[in-house]
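Just dropping this structure here.
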């Protein structure tokens, strides 16, 4: 392979720039040429594709977001869109593509694989919810940002004797809530992977103030459960009488300078994606498992360890979905008293 | 004066601990004893008052919130509450009190002054909206936190080509919005002290994307104008077609390790409050004007430079309300293109 | 076991407080009592041992250093010191001890094990150089602090077209240099685990400025190789003519609020140490391997996976020393151009 | 005036980019054209001068250093260099120049003024030691970075019961030492503007540990006094027996994302420099005094408030040198016990 391209897709995540930089630099090290694609699959289909040299990715390592930009592009779900995209890549002499992104982005990579165009996925999403890897780019920065915000809220919670329900991102996965919650000494953590009993939640709040002499109470809530304001309502209905506030950390979790961990692992996976393409191996998703680089087929059977299978009707089956760390949920119950 | 006390009241603000520490340490330096009062005026009335030595305030300087805690206590508005509070102080041999807090807290200090009990106010609120000082404790930390969050949101705004309306605290004053907005390169800043035209707001958004080739648009909105979600609705009604999001920085602005500026100026004002009490001078509010320590009468006539006057009916008149920096608003219009 | 104690020893590391907090809280959860020991083995021998309840460890999670303090105490290397320490523990009814620390601290735990007193080690050192674990408490915070400092130095390096040799901690292990160096986009990383050629170092500096049009050059140097000032001298002798500066990040790497990763993993390992003691299992060191909790015998044969063996003459043999990530060293060479 | 240029000179300071951005954007707002000059006076003389539009300065606001780079250039001290520089500017149609920098840079601006070329100075140096302004760009960021590092060192100081002598930048001015020292709760602050007695320094260290039960001792030392290692030697000679360490914060103080205060005030002063040039007023240095914009003649008599006068022999006389805040030095003595 002589020329490859790289795109970022889906929600932006800190460290995506580090991955793109590594793809470009590693490609050059291996004697290949690197191209960037603007705005994900939208730019691919529109032909917004341009050469990147080593210097073009200088000073990107420490910046959040993605300088290649990202965009939602439902049109890529159509066969027409996919063929148009591949045509644009081939017109530029591009023989393989690295896709940095989350779930939806991987679906695009799966379609490229289906059509025989070599694609390698690199997991980039703050939610840490991608199959085939212990770790996704942006997760470590997101838990740093969330913990920092929770530390701040704790100041006010203590100063005023208030109960805060703090919503953090995580539609399907409670990982951000769990890690940031434990890190910030949250009194309770509510995640989509576990049942909760609102009466028990309220009982713990009361017990904290009354029996344990606490001056504050912080509940971290993953957005996948419900919104913080709704949760506060449920707590009130269940009899909570503390000075309750709902707050949503919102979009700040997506941005910011990536942590060293995000920068290093993104660089490592980005460079590995290039190695795979250089060997002519497409249709793979890179990951980190047990602190080592691994790769999984994007499309195939569950037995092969593939991320996705297609049903007879053409539906996407996720073979090995991300699992929550229920041991961490238990850890917090053991030490948050 | 041989024994003084200190309390924090109103919304917590980073740097309050530095002020309390300086009151305690300076009092000891001057041969006096220092007492702390828990939970503001509530603790005063309940007699939750206890001695503090130099060591008790070690390791408080760098922490947000207030270790003395704060509380709303509308009961202190009654004559009965005030007399009870003074009684509690006198019972402990306390001859003067330093009140660290915002507007409402100053009203309490005014009542103590009215009854002849020596009180000195130290301005502590992130909003920077207190008369008699250019600067309030916590403001510098709040604009750091807000700017940091805006820098993060800018990453996502650019990566996705989105328009963000970001709400920041500031009920009466646009200072946080102005400083953080300029610092973060906000495209527009909407504050309570200035009129705005929603059609003009929307026009600028469109012009940015269409004529100026911008990939993002950030509007910083002071909460005193309206909530971000409401503002987004108005923008849509006025024809905005960009990918619009509302977000509220919320409670994170109150917390966090105070900046050096907040720590130093809080220490300086706290120590000065003790000097005034030592000289037997109560009924004053400390401030910083033109980078120097100043003090103003808390209660008196406007001509005397007093913060508050009482009308014949006993209503509180604010003599010299905080003014917005409209020159900074103009600065942003000049350079945010 | 009904009563256990915890101490911190060796160089302080961010996250030690989180480990101590987890030991105390988990012990209480399991129906045991927890004691703290001040200043490591020194406090053990002197009997500076006191009960800790759940509240005593509140508000320690986010603080750097160790509130139990640490101290060098060579006297614990003597049999007399060891027996005195065990005597003090038994006098307080303590049946097991958790030791949070680095290499030297583990030697102490080995002696306790040798004498049959149940000890469990928890790896706490910023250097990441302890056998039996992929990860040591404080390492993640240290690479964050180092990367942050390197990002700052890069600003000046670029602004002035200067070459910086930046020394970071790491006597035996280049891990901090590698992770922070890759994260900060260092041009070269020099670690004790790899040979280097000073002429090649100087050639790369020249090539960067002359052929690659770089405006800066940053070399990260692990202290185990030599000091930065010495390295700068060698470079000058080898003909470097760039505007060269040596700087040492020094002691700031040891401090600071621990990152969420350090807080969570420290909590997890601390709690696990208590589980082992509860089951009556001493003589073990906790670790994290492949993102799971593991434990290794502290003293035994290499075949058993023990950390240390004793030679016939009583010398300590380290069975499975920490290995550098030479793949990361190669990664940087591939992408730092 | 239709076309102006901007350069940065001297040591880089966080916020310089904000000043340059404001110069460019404000010039465009006023219907003028803006040019950038690379590497300060060196680039001016070499003709490294190029147009900057509004977009070229996007995304510079939050970055440390100076994207225009800086350089030492002693050749500008010669008449020949000065005339060559002016020639280059005129060749590009440039009618005025904004110089962002410290002392040495102002000397260059003085020479331009002497030769009748309109120059306006904007004070950019972390040291805060420029006449004609209460505030220099970069100072606020530097005290934030220094305080953050001191907070980290305090962790280790406490954990190990050590005494640290921490050197911070400041050749002539103790401002960084004073502000960061007070902010971090330093036990002693040694600055060039005050005498110190080494025996008294040592006595306070001993008293802290022995009488006051302190577990740590931190001395902040301005580099203008001497280097930390030398100071530690003097302390030992004077009989200090504590566990003493010297550390130098070094170059990290120059870098990093500017604080909001640095960004806002830099923007404000940069924009004002353009207003002055637009009115045809050169030979001035902008400053902030009493929180308002001010300007002083660069060259003239002391009575006129000029920054510099020239003696009959042509020597530069600094008319109104920066003064240390000895009141802040006293404040620390009052509360650091």
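A, B, C and D label the chains in the order they appear, each numbered from 1.
The rule is short, and it goes like this: a contact is a pair of C-beta atoms (placed from the backbone, for glycine too) under 8 Å apart; a residue touches a chain by one contact, two chains touch by 3 or more.
Please read all numbers here as calculations on a predicted model, not as lab measurements.
Asks: Name, by label, each chain that touches both members of the pair subunit C and subunit D.
Replies: none
Asks: Considering only mean CA positions as chain centres, point out the chain farthest from subunit B.
Replies: When every chain centre is compared against subunit B, the largest gap points to C.
Asks: With centres defined as the mean C-alpha position, give me the subunit A-subunit B separation in Å.
Replies: A distance of 37 Å separates the two centres.
Asks: Provide the C-alpha centroid distance between subunit A and subunit D, rounded to the nearest whole angstrom.
Replies: So the centre of subunit A lies 41 Å away from the centre of subunit D.
Asks: Nearest whole angstrom, what separates the Cα centre of subunit B from the Cα centre of subunit D?
Replies: Centre separation, subunit B to subunit D: 29 Å.
Asks: For subunit B, jot down the residues that touch at least 2 other chains.
Replies: Each of 151 in subunit B touches at least two other chains.
Asks: So which chains end up touching which?
Replies: Those chain pairs which touch are A-B, A-C, B-D, C-D.
Asks: Show which residues of subunit A lie in contact with subunit B when the two form their complex.
Replies: 8, 12, 14, 39, 63-66, 69-71, 145, 148-149, 151-156, 158-161, 164, 215, 245, 247-252, 254-256
Asks: What does subunit B use to touch subunit D in their complex?
Replies: 21-22, 25-26, 28-29, 54-55, 58, 61-62, 134, 140, 143-144, 146-147, 151, 179-180, 182-185, 212-213, 257, 259-261, 263-264, 267-268, 271, 290-291, 328, 331, 334-337
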